[in-house]
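Scrolling down, you'll hit the structures one after another.
Each of the next two complexes has chain A plus one other chain: chain B in the first, chain C in the second.
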Partner chain A sequence: MLEKIIAIIIAETGQPGVSVQTDLVRDLQLNSFDIVNIVAALEETFDVEINVRSIRKIRNVKDILATLTELGAHE
Partner chain B sequence: MNEPLRGLWRFSADFSGSDSAQRLNQALSWLADQHLLPFVPVQKVVSARGKPAFADLPGLHFSISHCRQEWICLIAGAPVGIDIEQPHPCRQEAITRRFFHPREQAWLTQYPEAFFSLWTAKESVVKWSGKGIGEDFSRFSVIDEAGQLHDTPNYRLIPFVTKKGTPGTMCLSASLRDTVHDYFLD
Partner chain C sequence: MKNYAYYPADDYATFRQFIDGTSRRFAEKEALVSYSPKGERRSLTFSQLKQNVQALSEAFRLALPEGNVAIISENSIEWLLVYFALIISGRTAVCIDIEQSDDVLRSMVMQADCTACFLSPAFQPVGSLLCQENPTLKQLILMEGEGEFTLKTLLKQGQALVKRRQGVWSFPDHPQNFTASIVYTSGTTSTSKPVMLSEVGILTNAADSMRLVGVGATVFTSLPFYHTYGLTCSVINMLLHGSTVGVNGSLKTMMRDLKAFAPETLMAVPLIVETLHQNIWRTLRKQGKEEALRKYMKLFQFCRKFGITLHPAFLQPIRDAFGGHLSLIICGGAHLSATIGEEMEAFGFQIIQGYGITECSPLLAVNRNKDRRVDTVGHVLPSYKLKLKDGEILVQGVSLMQGYYKNEELTAAAFDEGWFMTGDLGSLDKNGHLTITGRKKNLIVFKNGKKVSPEEIEGYVSSLPLIKEVMAFGLNSSAHADDVRLALMVYPDPELTAGMSPYEILEQLQAQIDQVNETLPAYKQIQMIKLRDSEFEKTATKKIKRSTVLEKR
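And now, the complex of A and B:
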């Protein structure tokens, strides 16, 4: 699942070099719209709905992985 | 001090991911150097909703946005919100379904090119209110039935374009005049 998440981030942002430690704002300079866009892509790919409270907490790839795991998302 | 700053100040700068706090401090230092602020506030606090403020200068309001390598900040003595976004390919339909009010969705069905101007308007409102993107984001519309940006008794929405050509929207408290003082930080 992590590889898929990373692939989605790379595809949506056009930025390579994303890892589980990547901070979306500090390392990729993403803003809130970029994160919303990534969330939309994740929701479509994993067929889940990520609630807004969880979206606000997303700072890095690890947060995304934890959120999707909590939602029971599968590859 | 209820209103430590007169006027509406908009600072822009080049940006890399880690220096937003530095840029804000630079803007505040400039205002203090010009004797427009009594001092540079340092006691940064963050509300439960994530809205930053200064405990040592509570009447000072600011809002920050960045898009790629561009940073912009609005500073005033009353609540403000600002958002910039360069139109680009994105998950527009999914985001529209999830985050926009039905009236906005209907408008975007006819005029999809309005997507980013509506997005920046909505973001500027939730930054102005301090609520951020939350459950209420899709429950309010920034446009009226004719698709015009909809001011309220409490705020006005003002579209603008940065010097680098990035469109955005400012949400200004009704008490603030429209005149914006622009300054570019080195």
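And now, the complex of A and C:
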């Protein structure tokens, strides 16, 4: 699942070098718009709904992985 | 064209008059449209809006405790129904900023002495905590789902009551100076300030905005309703005008909903306009039309001097991506760069910028369709008197706040002999255009209109062990003056960091700040740390001389 998440982030941001530790705001300099675009792509790929409170808690790639796992997402 | 006549706009003193009046005038026209997460369209006509609001008002009178009632929810048609019905039923609507942490949400509800709280599904976990710790809070109402205390049940009860009374209201309207809303705004301390706004103040502000700006028959908004800009300037004023408002509940579906709704007017903050601007350039670059666009930009600037507007065919697909009818973008909340504003005009979208602050309900000045300049915030609203004192913008008017909730001291400090001190510096030209030239308060303003006080951020980090002194500031991250990131300038404790390299200090500080960031909403998170090797220069009262530090940076 991690590879797919990273691929989505790279596709949405055009920034290479994303890893599980990457911080979306500090490392990739993303704004709230960029983050919701990534979330929308994740929702479509993994067929889950990530609500507004969960989006708020997402800071890095590891958080995305944890959120998707919690929601029972599968590839 | 200068100083042309105001557009007509109806004045209403209360929300009941507003709901009755707009229902009579615009009856079967669509008032509100929204889309489900799956994209299904839903709408209410002005008549249905009145029926729903009246039914809920009647139900709230019977089922809800009196006092202040919080709304904790994403944007939705239900958010608006609850808001209008609360005020009409004699409750004050407390509009909660949903981007805050659970702790801050709870403190806002407690600080405003809320007796009841409306919650969308995403906020139900916060709701159960609220009831345990807050004896004033007597009722939680769910905005979705079935059950005794849900919006659906209350609506049914209210509809039965209205039917029995054959549509006649069962209670009298309240006096016009009723406190309609409590809205939180950024303070210069760690807590936000609860601003009390009157019913007549909000409605006058909405009507005034329509006197200055001509808008389309369809208006799309994704601005949060818990901010006065989103509520007064993108919903209440548009309904007052008779426009159909497309309500976007999530940024995730913004572009999809925008295209489906196909509005003539878009309400925005600079972040939205800049994102659309970037997308347009990216699309044309991919299509190999970048060079053609650059040539067109030059031609556009030249033709504009002679009042000639161009509509080249190669830009039509761009307009189609926004539904094909979009011609006007109204932008507020923060300053939009003049370059982006001008380029958006060249793409065929008229840009109108305005200026307001929460305490003013919020609009103070706005450009006009036929008299607009992207480098100014336009003309002062007719219901406001404005004067400049030592460069600071001071205002008086019916839409001014009634004060900060239960804080007379803070309220008194915001006024100078009856004039409200905005904290913004400005200048007026001979044609009446207001320009914002700076800021007296130390607020950092982001492109999405969010504001953060540096003192608040400093309060979160000043007790971290390695920090001796700290100053938060907005660090410019691009050529645009308002493209700022939240940064810290830190003077590390020399004793605790003796023998450590700057890299080691930064690494340890970063780990501690990461923990602080976890408790903060995204826009308040600290994105950069800079170290300095000496204490900050201070004023006589031992405050850091912020401007000196920023100049030397």
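The rule is simple: the second predicted complex is superposed on the first by the 75 of 75 C-alpha atoms of A that agree within 3 Å, B and C clash if a C-alpha of one lies under 4 Å from a C-alpha of the other, contacts with A are read in each partner's own complex, and residues count from 1 in each chain.
One rule holds for everything that comes next: a contact is a pair of C-beta atoms (placed from the backbone, for glycine too) under 8 Å apart; a residue touches a chain by one contact, two chains touch by 3 or more.
The structure displayed is predicted, hence computed values, not measured ones.
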{"item": "Which superposed partner A:S19 touches (first chain B, second chain C, both, neither)", "value": "neither"}
{"item": "Contacts of A:R59 with chain B and chain C, given as first, second, both or neither", "value": "second"}
{"item": "Contacts of A:T69 with chain B and chain C, given as first, second, both or neither", "value": "neither"}
{"item": "Chain B versus chain C as contact partner of A:V36, first or second or both or neither", "value": "both"}
{"item": "Residues on chain A lying within both footprints (that of chain B and that of chain C)", "value": "25-26, 29, 31-33, 36-37, 40, 43, 52-53, 56"}
{"item": "Chain B residues touching chain A - in the complex, by the definition given at the top", "value": "15-18, 50, 65-69, 85, 90-91, 94-95, 98-99, 119, 123, 132-135, 137"}
{"item": "Footprint of chain B on chain A - complex, ascending", "value": "12, 23, 25-29, 31-33, 36-37, 40-41, 43-44, 52-53, 55-56"}
{"item": "Partner chain A, residues of chain C touching it in the complex", "value": "37, 74, 98-99, 121-123, 125, 250-253, 271-272, 275, 447-448, 477, 485, 517-518, 521-523, 525, 527-528"}
{"item": "Chain C-touching residues of chain A, taken from the complex the two chains share", "value": "25-26, 29, 31-33, 35-37, 39-40, 43, 49, 51-53, 56, 59"}
